[in-house]
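Working notes, beginning with the structure itself.
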Amino acid sequence: MVTVKDRVRFVETDMMGVVHHANYLRWFEMGRVEYMRQAGVYLLDLMAAGIVFPITDVSCNYRASARFDDCLLIETAMAELSKVKMVFTYRVVREADGVLLATGRTQNAFTDGAGKIVRLPAEYYDRLQQMFTREEPR
Amino acid sequence: MVTVKDRVRFVETDMMGVVHHANYLRWFEMGRVEYMRQAGVYLLDLMAAGIVFPITDVSCNYRASARFDDCLLIETAMAELSKVKMVFTYRVVREADGVLLATGRTQNAFTDGAGKIVRLPAEYYDRLQQMFTREEPR
Amino acid sequence: MVTVKDRVRFVETDMMGVVHHANYLRWFEMGRVEYMRQAGVYLLDLMAAGIVFPITDVSCNYRASARFDDCLLIETAMAELSKVKMVFTYRVVREADGVLLATGRTQNAFTDGAGKIVRLPAEYYDRLQQMFTREEPR
Amino acid sequence: MVTVKDRVRFVETDMMGVVHHANYLRWFEMGRVEYMRQAGVYLLDLMAAGIVFPITDVSCNYRASARFDDCLLIETAMAELSKVKMVFTYRVVREADGVLLATGRTQNAFTDGAGKIVRLPAEYYDRLQQMFTREEPR
(Lines give C-alpha, C1' and ligand atoms only; values in the text may rest on other atoms or scores of the structure.)
Protein backbone atom coordinates (compact mmCIF):
# COMPACT_ATOMS: atom_id res chain seq x y z
CA MET A 1 0.00 0.00 0.00
CA VAL A 2 1.24 3.45 -0.88
CA THR A 3 0.04 6.49 1.03
CA VAL A 4 0.08 10.03 -0.27
CA LYS A 5 -0.99 13.03 1.71
CA ASP A 6 -2.84 16.05 0.43
CA ARG A 7 -4.61 18.99 1.99
CA VAL A 8 -8.07 19.99 0.76
CA ARG A 9 -7.99 23.18 -1.29
CA PHE A 10 -10.64 25.88 -1.26
CA VAL A 11 -11.35 25.33 -4.95
CA GLU A 12 -12.24 21.72 -4.18
CA THR A 13 -15.21 22.70 -2.04
CA ASP A 14 -18.70 23.40 -3.35
CA MET A 15 -21.65 25.37 -2.06
CA MET A 16 -22.68 22.49 0.22
CA GLY A 17 -19.58 23.53 2.20
CA VAL A 18 -17.74 20.24 1.63
CA VAL A 19 -15.46 18.79 -1.04
CA HIS A 20 -17.16 18.19 -4.38
CA HIS A 21 -17.32 14.46 -5.05
CA ALA A 22 -15.45 14.64 -8.38
CA ASN A 23 -12.22 15.58 -6.59
CA TYR A 24 -11.83 12.09 -5.16
CA LEU A 25 -10.98 10.88 -8.67
CA ARG A 26 -8.16 13.37 -8.72
CA TRP A 27 -6.87 12.00 -5.43
CA PHE A 28 -7.15 8.42 -6.68
CA GLU A 29 -5.04 9.47 -9.65
CA MET A 30 -2.39 10.97 -7.39
CA GLY A 31 -2.27 7.73 -5.42
CA ARG A 32 -2.06 5.59 -8.55
CA VAL A 33 0.72 7.67 -10.06
CA GLU A 34 2.69 7.48 -6.82
CA TYR A 35 2.17 3.71 -6.55
CA MET A 36 3.54 3.25 -10.04
CA ARG A 37 6.42 5.61 -9.33
CA GLN A 38 7.39 3.56 -6.28
CA ALA A 39 7.31 0.48 -8.50
CA GLY A 40 9.71 2.25 -10.87
CA VAL A 41 7.14 2.81 -13.62
CA TYR A 42 6.90 6.41 -14.79
CA LEU A 43 3.92 7.48 -16.83
CA LEU A 44 6.10 9.73 -18.97
CA ASP A 45 8.22 6.71 -19.92
CA LEU A 46 5.12 4.71 -20.82
CA MET A 47 3.86 7.55 -22.99
CA ALA A 48 7.27 7.97 -24.63
CA ALA A 49 7.02 4.26 -25.47
CA GLY A 50 3.63 4.85 -27.11
CA ILE A 51 1.60 3.31 -24.32
CA VAL A 52 -1.33 5.08 -22.76
CA PHE A 53 -3.46 3.84 -19.88
CA PRO A 54 -7.05 5.03 -20.11
CA ILE A 55 -9.37 4.48 -17.18
CA THR A 56 -12.07 1.98 -18.13
CA ASP A 57 -13.96 1.86 -14.83
CA VAL A 58 -14.14 3.92 -11.73
CA SER A 59 -16.28 3.71 -8.64
CA CYS A 60 -16.34 5.55 -5.36
CA ASN A 61 -18.33 5.11 -2.18
CA TYR A 62 -18.52 8.26 -0.07
CA ARG A 63 -18.92 7.79 3.68
CA ALA A 64 -18.19 11.16 5.21
CA SER A 65 -17.39 14.55 3.75
CA ALA A 66 -13.92 15.94 3.42
CA ARG A 67 -13.82 19.62 4.31
CA PHE A 68 -11.61 22.55 3.41
CA ASP A 69 -8.14 22.36 4.94
CA ASP A 70 -8.50 18.73 6.03
CA CYS A 71 -5.29 16.77 5.66
CA LEU A 72 -6.10 13.57 3.83
CA LEU A 73 -4.27 10.30 3.50
CA ILE A 74 -4.90 8.58 0.19
CA GLU A 75 -4.06 4.89 0.50
CA THR A 76 -3.60 3.04 -2.77
CA ALA A 77 -3.26 -0.70 -3.24
CA MET A 78 -3.11 -2.85 -6.33
CA ALA A 79 -5.95 -5.37 -6.58
CA GLU A 80 -5.31 -6.99 -9.97
CA LEU A 81 -2.58 -6.87 -12.56
CA SER A 82 -2.32 -8.40 -16.00
CA LYS A 83 -0.50 -7.38 -19.14
CA VAL A 84 -3.61 -5.63 -20.44
CA LYS A 85 -5.05 -3.99 -17.35
CA MET A 86 -4.49 -3.00 -13.74
CA VAL A 87 -6.96 -2.48 -10.93
CA PHE A 88 -6.33 -0.30 -7.91
CA THR A 89 -8.35 0.23 -4.75
CA TYR A 90 -8.26 3.33 -2.61
CA ARG A 91 -9.12 4.54 0.85
CA VAL A 92 -9.28 8.24 1.69
CA VAL A 93 -8.79 8.85 5.39
CA ARG A 94 -8.88 12.12 7.31
CA GLU A 95 -5.56 12.33 9.07
CA ALA A 96 -6.72 14.23 12.16
CA ASP A 97 -9.13 11.58 13.41
CA GLY A 98 -8.56 8.57 11.18
CA VAL A 99 -12.12 8.66 9.83
CA LEU A 100 -12.57 6.80 6.55
CA LEU A 101 -14.13 9.27 4.12
CA ALA A 102 -14.29 7.24 0.93
CA THR A 103 -13.26 4.03 -0.75
CA GLY A 104 -12.80 3.55 -4.45
CA ARG A 105 -11.65 1.34 -7.26
CA THR A 106 -10.30 2.08 -10.73
CA GLN A 107 -9.37 -0.06 -13.69
CA ASN A 108 -6.91 1.05 -16.39
CA ALA A 109 -6.35 -0.63 -19.72
CA PHE A 110 -3.09 -0.37 -21.64
CA THR A 111 -3.56 0.86 -25.19
CA ASP A 112 -1.66 2.47 -28.00
CA GLY A 113 -2.34 6.05 -28.99
CA ALA A 114 -5.18 4.94 -31.25
CA GLY A 115 -7.00 3.21 -28.40
CA LYS A 116 -6.10 -0.36 -29.37
CA ILE A 117 -5.36 -2.66 -26.43
CA VAL A 118 -1.66 -3.51 -26.13
CA ARG A 119 0.23 -5.82 -23.82
CA LEU A 120 2.37 -4.02 -21.27
CA PRO A 121 6.07 -4.70 -22.07
CA ALA A 122 7.88 -6.89 -19.55
CA GLU A 123 10.13 -4.13 -18.29
CA TYR A 124 7.11 -2.33 -16.87
CA TYR A 125 4.97 -5.32 -16.06
CA ASP A 126 7.68 -7.01 -14.01
CA ARG A 127 8.21 -3.95 -11.84
CA LEU A 128 4.51 -3.60 -11.13
CA GLN A 129 4.25 -7.33 -10.49
CA GLN A 130 7.09 -7.21 -7.96
CA MET A 131 5.48 -4.31 -6.17
CA PHE A 132 2.13 -6.12 -6.20
CA THR A 133 3.69 -9.29 -4.78
CA ARG A 134 5.27 -7.34 -1.94
CA GLU A 135 1.87 -5.89 -0.98
CA GLU A 136 0.27 -7.03 2.19
CA PRO A 137 -3.29 -8.12 1.57
CA ARG A 138 -5.57 -5.37 2.88
CA MET B 1 -35.09 10.34 -19.81
CA VAL B 2 -33.66 13.83 -19.95
CA THR B 3 -30.96 14.73 -22.45
CA VAL B 4 -28.56 17.62 -22.12
CA LYS B 5 -25.99 18.56 -24.68
CA ASP B 6 -22.52 19.85 -24.05
CA ARG B 7 -19.43 20.40 -26.14
CA VAL B 8 -16.04 19.20 -24.88
CA ARG B 9 -13.83 22.06 -23.72
CA PHE B 10 -10.10 22.25 -24.18
CA VAL B 11 -9.54 22.34 -20.43
CA GLU B 12 -11.32 18.99 -20.15
CA THR B 13 -8.63 17.20 -22.18
CA ASP B 14 -5.44 15.76 -20.76
CA MET B 15 -2.05 14.94 -22.23
CA MET B 16 -3.35 11.62 -23.59
CA GLY B 17 -5.24 13.87 -26.04
CA VAL B 18 -8.69 12.86 -24.82
CA VAL B 19 -11.09 13.98 -22.11
CA HIS B 20 -9.88 13.30 -18.59
CA HIS B 21 -12.13 10.71 -16.97
CA ALA B 22 -13.07 12.90 -14.00
CA ASN B 23 -15.07 15.22 -16.26
CA TYR B 24 -17.78 12.62 -16.77
CA LEU B 25 -18.86 13.17 -13.18
CA ARG B 26 -19.35 16.82 -14.04
CA TRP B 27 -21.56 15.83 -16.97
CA PHE B 28 -23.55 13.41 -14.84
CA GLU B 29 -24.16 16.29 -12.45
CA MET B 30 -25.41 18.51 -15.29
CA GLY B 31 -27.78 15.75 -16.34
CA ARG B 32 -29.04 15.16 -12.81
CA VAL B 33 -29.64 18.84 -12.16
CA GLU B 34 -31.56 19.16 -15.42
CA TYR B 35 -33.63 16.06 -14.67
CA MET B 36 -34.63 17.52 -11.32
CA ARG B 37 -35.35 20.91 -12.88
CA GLN B 38 -37.70 19.28 -15.36
CA ALA B 39 -39.42 17.58 -12.44
CA GLY B 40 -39.87 21.00 -10.86
CA VAL B 41 -37.29 20.45 -8.11
CA TYR B 42 -34.66 23.18 -7.87
CA LEU B 43 -31.52 22.53 -5.91
CA LEU B 44 -31.49 26.11 -4.62
CA ASP B 45 -34.96 25.57 -3.15
CA LEU B 46 -33.82 22.36 -1.49
CA MET B 47 -30.82 24.13 0.00
CA ALA B 48 -32.95 27.06 1.13
CA ALA B 49 -35.10 24.45 2.91
CA GLY B 50 -32.00 23.12 4.67
CA ILE B 51 -31.76 19.96 2.59
CA VAL B 52 -28.55 18.91 0.91
CA PHE B 53 -28.04 15.91 -1.33
CA PRO B 54 -24.53 14.50 -1.07
CA ILE B 55 -23.41 11.84 -3.51
CA THR B 56 -22.92 8.55 -1.69
CA ASP B 57 -21.90 6.38 -4.64
CA VAL B 58 -20.72 6.95 -8.15
CA SER B 59 -19.54 4.61 -10.86
CA CYS B 60 -18.62 5.05 -14.47
CA ASN B 61 -17.71 2.64 -17.24
CA TYR B 62 -15.71 4.22 -20.05
CA ARG B 63 -16.09 2.66 -23.50
CA ALA B 64 -14.60 5.16 -25.92
CA SER B 65 -12.86 8.47 -25.44
CA ALA B 66 -14.53 11.82 -25.82
CA ARG B 67 -12.31 14.29 -27.62
CA PHE B 68 -11.99 18.05 -27.73
CA ASP B 69 -14.87 19.78 -29.48
CA ASP B 70 -17.07 16.66 -29.57
CA CYS B 71 -20.72 17.43 -29.02
CA LEU B 72 -22.02 15.09 -26.36
CA LEU B 73 -25.48 14.02 -25.37
CA ILE B 74 -25.80 13.23 -21.69
CA GLU B 75 -28.87 11.07 -21.13
CA THR B 76 -30.10 10.88 -17.55
CA ALA B 77 -32.73 8.54 -16.19
CA MET B 78 -33.94 7.90 -12.67
CA ALA B 79 -33.41 4.33 -11.51
CA GLU B 80 -34.61 4.44 -7.90
CA LEU B 81 -36.34 6.96 -5.71
CA SER B 82 -37.23 6.91 -2.05
CA LYS B 83 -37.64 9.63 0.55
CA VAL B 84 -34.03 9.18 1.65
CA LYS B 85 -32.18 8.63 -1.60
CA MET B 86 -32.30 8.79 -5.38
CA VAL B 87 -30.36 6.83 -7.97
CA PHE B 88 -29.70 8.03 -11.50
CA THR B 89 -28.14 6.28 -14.47
CA TYR B 90 -26.40 8.01 -17.34
CA ARG B 91 -25.31 7.44 -20.87
CA VAL B 92 -22.87 9.75 -22.62
CA VAL B 93 -23.21 9.57 -26.39
CA ARG B 94 -21.20 11.35 -29.07
CA GLU B 95 -23.74 13.22 -31.13
CA ALA B 96 -21.94 13.03 -34.47
CA ASP B 97 -21.98 9.23 -34.76
CA GLY B 98 -24.12 8.03 -31.89
CA VAL B 99 -21.26 6.14 -30.27
CA LEU B 100 -21.82 5.35 -26.61
CA LEU B 101 -18.80 6.73 -24.75
CA ALA B 102 -19.69 5.98 -21.16
CA THR B 103 -22.38 4.79 -18.82
CA GLY B 104 -22.67 5.69 -15.18
CA ARG B 105 -24.70 5.59 -12.01
CA THR B 106 -24.90 7.86 -9.01
CA GLN B 107 -26.71 7.72 -5.71
CA ASN B 108 -27.58 10.78 -3.64
CA ALA B 109 -28.78 10.79 -0.05
CA PHE B 110 -30.87 13.59 1.41
CA THR B 111 -29.38 15.07 4.55
CA ASP B 112 -29.51 18.18 6.66
CA GLY B 113 -26.57 20.56 6.74
CA ALA B 114 -24.91 18.50 9.47
CA GLY B 115 -24.96 15.36 7.35
CA LYS B 116 -27.85 13.62 9.13
CA ILE B 117 -30.19 11.70 6.82
CA VAL B 118 -33.56 13.42 6.39
CA ARG B 119 -36.73 12.40 4.57
CA LEU B 120 -37.41 14.44 1.47
CA PRO B 121 -40.56 16.54 2.05
CA ALA B 122 -43.59 15.50 0.01
CA GLU B 123 -43.62 18.63 -2.15
CA TYR B 124 -40.27 17.60 -3.67
CA TYR B 125 -40.71 13.85 -3.46
CA ASP B 126 -44.04 13.90 -5.27
CA ARG B 127 -42.66 15.87 -8.19
CA LEU B 128 -39.72 13.52 -8.61
CA GLN B 129 -42.01 10.53 -8.22
CA GLN B 130 -44.31 11.81 -10.97
CA MET B 131 -41.40 12.39 -13.30
CA PHE B 132 -40.03 8.93 -12.48
CA THR B 133 -43.41 7.30 -13.17
CA ARG B 134 -43.62 8.98 -16.57
CA GLU B 135 -40.22 7.58 -17.54
CA GLU B 136 -40.09 4.92 -20.15
CA PRO B 137 -38.06 1.97 -18.92
CA ARG B 138 -34.66 2.10 -20.65
CA MET C 1 -18.17 39.99 -30.87
CA VAL C 2 -19.13 36.40 -30.32
CA THR C 3 -21.45 35.40 -27.50
CA VAL C 4 -21.68 31.96 -25.97
CA LYS C 5 -24.10 30.98 -23.27
CA ASP C 6 -23.47 28.66 -20.39
CA ARG C 7 -25.23 27.78 -17.19
CA VAL C 8 -23.31 27.65 -13.92
CA ARG C 9 -22.74 24.10 -12.70
CA PHE C 10 -22.82 22.98 -9.10
CA VAL C 11 -19.19 21.84 -9.30
CA GLU C 12 -18.20 25.40 -10.22
CA THR C 13 -19.33 26.80 -6.87
CA ASP C 14 -17.21 26.89 -3.74
CA MET C 15 -17.98 27.06 -0.04
CA MET C 16 -18.50 30.83 -0.24
CA GLY C 17 -21.68 29.84 -2.12
CA VAL C 18 -20.64 31.48 -5.38
CA VAL C 19 -18.64 30.44 -8.45
CA HIS C 20 -14.95 29.89 -7.78
CA HIS C 21 -12.93 32.55 -9.59
CA ALA C 22 -10.82 30.07 -11.59
CA ASN C 23 -13.87 29.02 -13.62
CA TYR C 24 -13.94 32.32 -15.49
CA LEU C 25 -10.78 31.24 -17.31
CA ARG C 26 -12.69 28.19 -18.52
CA TRP C 27 -15.47 30.43 -19.81
CA PHE C 28 -12.98 32.73 -21.53
CA GLU C 29 -11.58 29.65 -23.26
CA MET C 30 -15.04 28.62 -24.44
CA GLY C 31 -15.56 32.09 -25.87
CA ARG C 32 -12.16 32.15 -27.57
CA VAL C 33 -12.65 28.73 -29.14
CA GLU C 34 -16.06 29.76 -30.45
CA TYR C 35 -14.72 33.04 -31.82
CA MET C 36 -12.05 31.16 -33.74
CA ARG C 37 -14.57 28.59 -34.93
CA GLN C 38 -16.76 31.34 -36.32
CA ALA C 39 -13.70 32.71 -38.11
CA GLY C 40 -13.19 29.26 -39.63
CA VAL C 41 -10.11 28.40 -37.55
CA TYR C 42 -10.37 25.07 -35.75
CA LEU C 43 -7.94 24.33 -32.96
CA LEU C 44 -7.71 20.70 -34.02
CA ASP C 45 -6.55 21.80 -37.48
CA LEU C 46 -3.93 24.07 -35.94
CA MET C 47 -2.68 21.24 -33.76
CA ALA C 48 -2.64 18.84 -36.71
CA ALA C 49 -0.46 21.43 -38.46
CA GLY C 50 1.95 21.39 -35.52
CA ILE C 51 0.87 24.75 -34.14
CA VAL C 52 -0.07 25.23 -30.53
CA PHE C 53 -1.31 28.42 -28.92
CA PRO C 54 -0.26 28.70 -25.27
CA ILE C 55 -1.72 31.44 -23.12
CA THR C 56 1.01 33.93 -22.19
CA ASP C 57 -1.08 36.36 -20.15
CA VAL C 58 -4.46 36.35 -18.53
CA SER C 59 -6.24 38.84 -16.35
CA CYS C 60 -9.72 39.04 -14.89
CA ASN C 61 -11.57 41.70 -12.95
CA TYR C 62 -14.47 40.34 -10.91
CA ARG C 63 -17.37 42.72 -10.26
CA ALA C 64 -20.19 40.55 -8.99
CA SER C 65 -20.49 36.87 -8.21
CA ALA C 66 -21.97 34.31 -10.54
CA ARG C 67 -24.13 31.83 -8.67
CA PHE C 68 -25.24 28.26 -9.25
CA ASP C 69 -27.74 27.88 -12.07
CA ASP C 70 -27.19 31.42 -13.42
CA CYS C 71 -27.29 31.59 -17.18
CA LEU C 72 -24.26 33.49 -18.36
CA LEU C 73 -23.42 35.23 -21.59
CA ILE C 74 -19.72 35.17 -22.37
CA GLU C 75 -18.93 37.91 -24.88
CA THR C 76 -15.61 37.58 -26.67
CA ALA C 77 -13.95 40.16 -28.87
CA MET C 78 -10.55 40.25 -30.51
CA ALA C 79 -8.38 43.15 -29.38
CA GLU C 80 -5.10 42.50 -31.22
CA LEU C 81 -3.92 40.12 -33.88
CA SER C 82 -0.51 39.53 -35.38
CA LYS C 83 1.14 36.49 -36.89
CA VAL C 84 2.72 35.64 -33.54
CA LYS C 85 0.00 36.42 -31.06
CA MET C 86 -3.65 37.21 -30.51
CA VAL C 87 -5.37 39.12 -27.72
CA PHE C 88 -8.99 38.68 -26.74
CA THR C 89 -11.15 40.58 -24.29
CA TYR C 90 -14.17 39.16 -22.51
CA ARG C 91 -17.27 40.24 -20.67
CA VAL C 92 -19.29 37.81 -18.58
CA VAL C 93 -22.88 38.98 -18.16
CA ARG C 94 -25.71 37.39 -16.17
CA GLU C 95 -28.49 36.86 -18.65
CA ALA C 96 -31.41 37.33 -16.27
CA ASP C 97 -30.64 40.93 -15.34
CA GLY C 98 -27.81 41.98 -17.64
CA VAL C 99 -25.40 42.55 -14.75
CA LEU C 100 -21.75 42.56 -15.78
CA LEU C 101 -20.02 39.99 -13.57
CA ALA C 102 -16.47 40.08 -14.91
CA THR C 103 -14.21 41.40 -17.62
CA GLY C 104 -11.04 39.75 -18.79
CA ARG C 105 -8.20 39.67 -21.27
CA THR C 106 -6.00 36.88 -22.56
CA GLN C 107 -3.01 36.73 -24.86
CA ASN C 108 -2.01 33.62 -26.82
CA ALA C 109 1.28 33.09 -28.61
CA PHE C 110 1.63 30.72 -31.57
CA THR C 111 4.39 28.16 -31.06
CA ASP C 112 5.50 24.78 -32.30
CA GLY C 113 5.26 21.74 -30.08
CA ALA C 114 8.63 22.54 -28.52
CA GLY C 115 7.50 26.00 -27.44
CA LYS C 116 9.34 27.98 -30.13
CA ILE C 117 7.39 30.98 -31.47
CA VAL C 118 6.12 30.42 -35.01
CA ARG C 119 4.33 32.69 -37.45
CA LEU C 120 0.71 31.75 -38.01
CA PRO C 121 0.30 30.51 -41.62
CA ALA C 122 -1.69 32.82 -43.90
CA GLU C 123 -4.63 30.44 -44.27
CA TYR C 124 -5.42 30.83 -40.56
CA TYR C 125 -4.22 34.39 -40.09
CA ASP C 126 -6.34 35.71 -42.95
CA ARG C 127 -9.52 34.20 -41.58
CA LEU C 128 -8.92 35.65 -38.13
CA GLN C 129 -7.98 38.98 -39.65
CA GLN C 130 -11.22 39.10 -41.65
CA MET C 131 -13.25 38.29 -38.57
CA PHE C 132 -11.36 40.94 -36.60
CA THR C 133 -11.94 43.55 -39.31
CA ARG C 134 -15.67 42.85 -39.29
CA GLU C 135 -15.81 43.46 -35.53
CA GLU C 136 -17.51 46.54 -34.31
CA PRO C 137 -15.26 48.36 -31.85
CA ARG C 138 -16.63 47.71 -28.37
CA MET D 1 7.63 35.04 1.41
CA VAL D 2 5.96 31.70 1.90
CA THR D 3 6.79 28.73 -0.33
CA VAL D 4 4.56 25.75 -0.89
CA LYS D 5 5.50 22.78 -3.00
CA ASP D 6 3.21 20.80 -5.26
CA ARG D 7 3.68 18.20 -7.93
CA VAL D 8 1.83 18.53 -11.24
CA ARG D 9 -1.03 16.03 -11.54
CA PHE D 10 -2.06 14.26 -14.71
CA VAL D 11 -5.50 15.87 -14.59
CA GLU D 12 -3.85 19.28 -14.71
CA THR D 13 -2.41 18.69 -18.18
CA ASP D 14 -4.25 19.34 -21.43
CA MET D 15 -3.92 18.02 -24.95
CA MET D 16 -1.06 20.43 -25.67
CA GLY D 17 0.89 18.13 -23.31
CA VAL D 18 1.48 20.81 -20.67
CA VAL D 19 -0.39 22.16 -17.67
CA HIS D 20 -3.60 23.99 -18.52
CA HIS D 21 -3.22 27.66 -17.65
CA ALA D 22 -6.23 27.77 -15.31
CA ASN D 23 -4.42 25.56 -12.78
CA TYR D 24 -2.04 28.35 -11.83
CA LEU D 25 -4.93 30.10 -10.11
CA ARG D 26 -5.38 27.00 -8.01
CA TRP D 27 -1.70 27.13 -7.05
CA PHE D 28 -1.91 30.82 -6.22
CA GLU D 29 -4.80 29.97 -3.91
CA MET D 30 -2.75 27.28 -2.17
CA GLY D 31 0.04 29.79 -1.65
CA ARG D 32 -2.32 32.47 -0.36
CA VAL D 33 -4.02 30.12 2.08
CA GLU D 34 -0.66 28.98 3.42
CA TYR D 35 0.60 32.55 3.77
CA MET D 36 -2.44 33.44 5.84
CA ARG D 37 -2.11 30.26 7.88
CA GLN D 38 1.48 31.17 8.74
CA ALA D 39 0.23 34.60 9.79
CA GLY D 40 -2.24 32.84 12.09
CA VAL D 41 -5.31 33.70 10.03
CA TYR D 42 -7.48 30.70 9.16
CA LEU D 43 -10.07 31.03 6.44
CA LEU D 44 -12.50 28.84 8.38
CA ASP D 45 -12.31 31.27 11.32
CA LEU D 46 -12.96 34.21 9.00
CA MET D 47 -15.96 32.45 7.51
CA ALA D 48 -17.25 31.50 10.96
CA ALA D 49 -17.04 35.22 11.77
CA GLY D 50 -19.16 36.01 8.71
CA ILE D 51 -16.30 37.36 6.63
CA VAL D 52 -15.63 36.17 3.10
CA PHE D 53 -12.78 37.24 0.85
CA PRO D 54 -13.75 37.16 -2.82
CA ILE D 55 -11.07 37.62 -5.44
CA THR D 56 -11.60 40.94 -7.23
CA ASP D 57 -8.63 40.80 -9.63
CA VAL D 58 -6.27 38.18 -10.86
CA SER D 59 -3.50 38.23 -13.42
CA CYS D 60 -0.90 35.75 -14.53
CA ASN D 61 2.04 35.95 -16.90
CA TYR D 62 3.13 32.55 -18.24
CA ARG D 63 6.81 32.22 -19.19
CA ALA D 64 7.40 28.51 -19.59
CA SER D 65 5.16 25.50 -19.37
CA ALA D 66 4.84 23.29 -16.33
CA ARG D 67 4.66 19.62 -17.27
CA PHE D 68 3.23 16.50 -15.71
CA ASP D 69 5.12 15.34 -12.64
CA ASP D 70 7.16 18.56 -12.31
CA CYS D 71 7.72 19.58 -8.72
CA LEU D 72 6.78 23.21 -8.38
CA LEU D 73 7.58 25.82 -5.79
CA ILE D 74 4.84 28.39 -5.37
CA GLU D 75 6.26 31.50 -3.73
CA THR D 76 3.72 33.89 -2.26
CA ALA D 77 4.37 37.38 -0.96
CA MET D 78 2.03 40.06 0.27
CA ALA D 79 2.18 43.26 -1.78
CA GLU D 80 -0.51 45.41 -0.16
CA LEU D 81 -2.70 45.15 2.89
CA SER D 82 -5.51 47.34 4.16
CA LYS D 83 -8.58 46.62 6.24
CA VAL D 84 -10.67 46.21 3.10
CA LYS D 85 -8.35 44.34 0.74
CA MET D 86 -5.13 42.38 0.37
CA VAL D 87 -2.88 41.92 -2.63
CA PHE D 88 -0.54 38.99 -3.12
CA THR D 89 2.09 38.32 -5.75
CA TYR D 90 3.26 34.87 -6.80
CA ARG D 91 6.13 33.17 -8.53
CA VAL D 92 5.88 29.59 -9.74
CA VAL D 93 9.29 27.99 -10.09
CA ARG D 94 10.20 24.49 -11.32
CA GLU D 95 12.19 22.94 -8.52
CA ALA D 96 14.47 20.78 -10.66
CA ASP D 97 16.13 23.62 -12.55
CA GLY D 98 14.91 26.79 -10.87
CA VAL D 99 13.20 28.04 -14.03
CA LEU D 100 10.54 30.68 -13.41
CA LEU D 101 7.35 29.40 -15.04
CA ALA D 102 4.88 32.10 -14.13
CA THR D 103 4.28 35.21 -12.08
CA GLY D 104 0.94 36.41 -10.85
CA ARG D 105 -1.00 38.82 -8.69
CA THR D 106 -4.35 38.59 -6.96
CA GLN D 107 -6.47 41.02 -5.00
CA ASN D 108 -9.07 39.95 -2.43
CA ALA D 109 -11.71 42.15 -0.87
CA PHE D 110 -13.24 41.45 2.53
CA THR D 111 -17.02 41.28 2.45
CA ASP D 112 -19.94 39.94 4.42
CA GLY D 113 -21.96 37.03 3.10
CA ALA D 114 -24.13 39.39 1.05
CA GLY D 115 -21.13 40.84 -0.79
CA LYS D 116 -20.97 44.13 1.13
CA ILE D 117 -17.42 45.37 1.82
CA VAL D 118 -16.48 45.03 5.49
CA ARG D 119 -13.39 46.11 7.43
CA LEU D 120 -11.23 43.23 8.56
CA PRO D 121 -11.38 43.01 12.39
CA ALA D 122 -8.17 43.95 14.17
CA GLU D 123 -7.46 40.43 15.42
CA TYR D 124 -6.98 39.26 11.83
CA TYR D 125 -5.61 42.46 10.36
CA ASP D 126 -2.89 42.76 12.98
CA ARG D 127 -1.61 39.25 12.35
CA LEU D 128 -1.45 39.80 8.61
CA GLN D 129 0.17 43.18 9.14
CA GLN D 130 2.88 41.66 11.35
CA MET D 131 3.60 38.98 8.79
CA PHE D 132 3.68 41.60 6.02
CA THR D 133 6.10 43.78 8.02
CA ARG D 134 8.45 40.84 8.55
CA GLU D 135 8.57 40.22 4.79
CA GLU D 136 11.73 40.97 2.99
CA PRO D 137 11.03 43.16 -0.03
CA ARG D 138 11.27 40.94 -3.11
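The first chain written gets the first letter, and so on, giving A, B, C and D; residue counts start at 1 in each chain.
Definition applied: contacts are C-beta pairs under 8 Å (C-beta built on N, C-alpha and C of every residue); 3 or more make two chains touch, one makes a residue touch a chain.
Here the structure is a predicted model, which means the values were calculated and not measured.
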Query raised in the report: More contacting C-beta pairs: A-B or B-C?
Result: A-B
Report summary line: Greatest centre-to-centre gap (Cα means) from chain A is with chain C
Requested in this report: Please report how many Å separate the Cα centroid of chain B from that of chain C, as a whole number.
Outcome: 28
Query raised in the report: Quick one: chain A and chain C, Cα centre-to-centre, how many Å?
Result: 33
Report summary line: Whole-angstrom distance, CA centroid of chain A to CA centroid of chain B, is 24
Report summary line: By the touch definition above, chain D meets two or more other chains at residues 10-11, 15, 17-18, 22, 26, 29, 68
Query raised in the report: For chain B, which residues are in contact with chain C within the complex?
Result: 9-11, 25-26, 29-30, 33, 42-44, 68-69
Query - Residue numbers on chain C that touch chain D, as the complex places them - result: 15-18, 21-22, 25-26, 29, 47, 52, 54-62, 64-65, 113, 115
Requested in this report: Under the touch definition given earlier, write down the residues of chain D that touch chain B in their complex.
Outcome: 10-11, 13-15, 17-18, 20, 22, 68
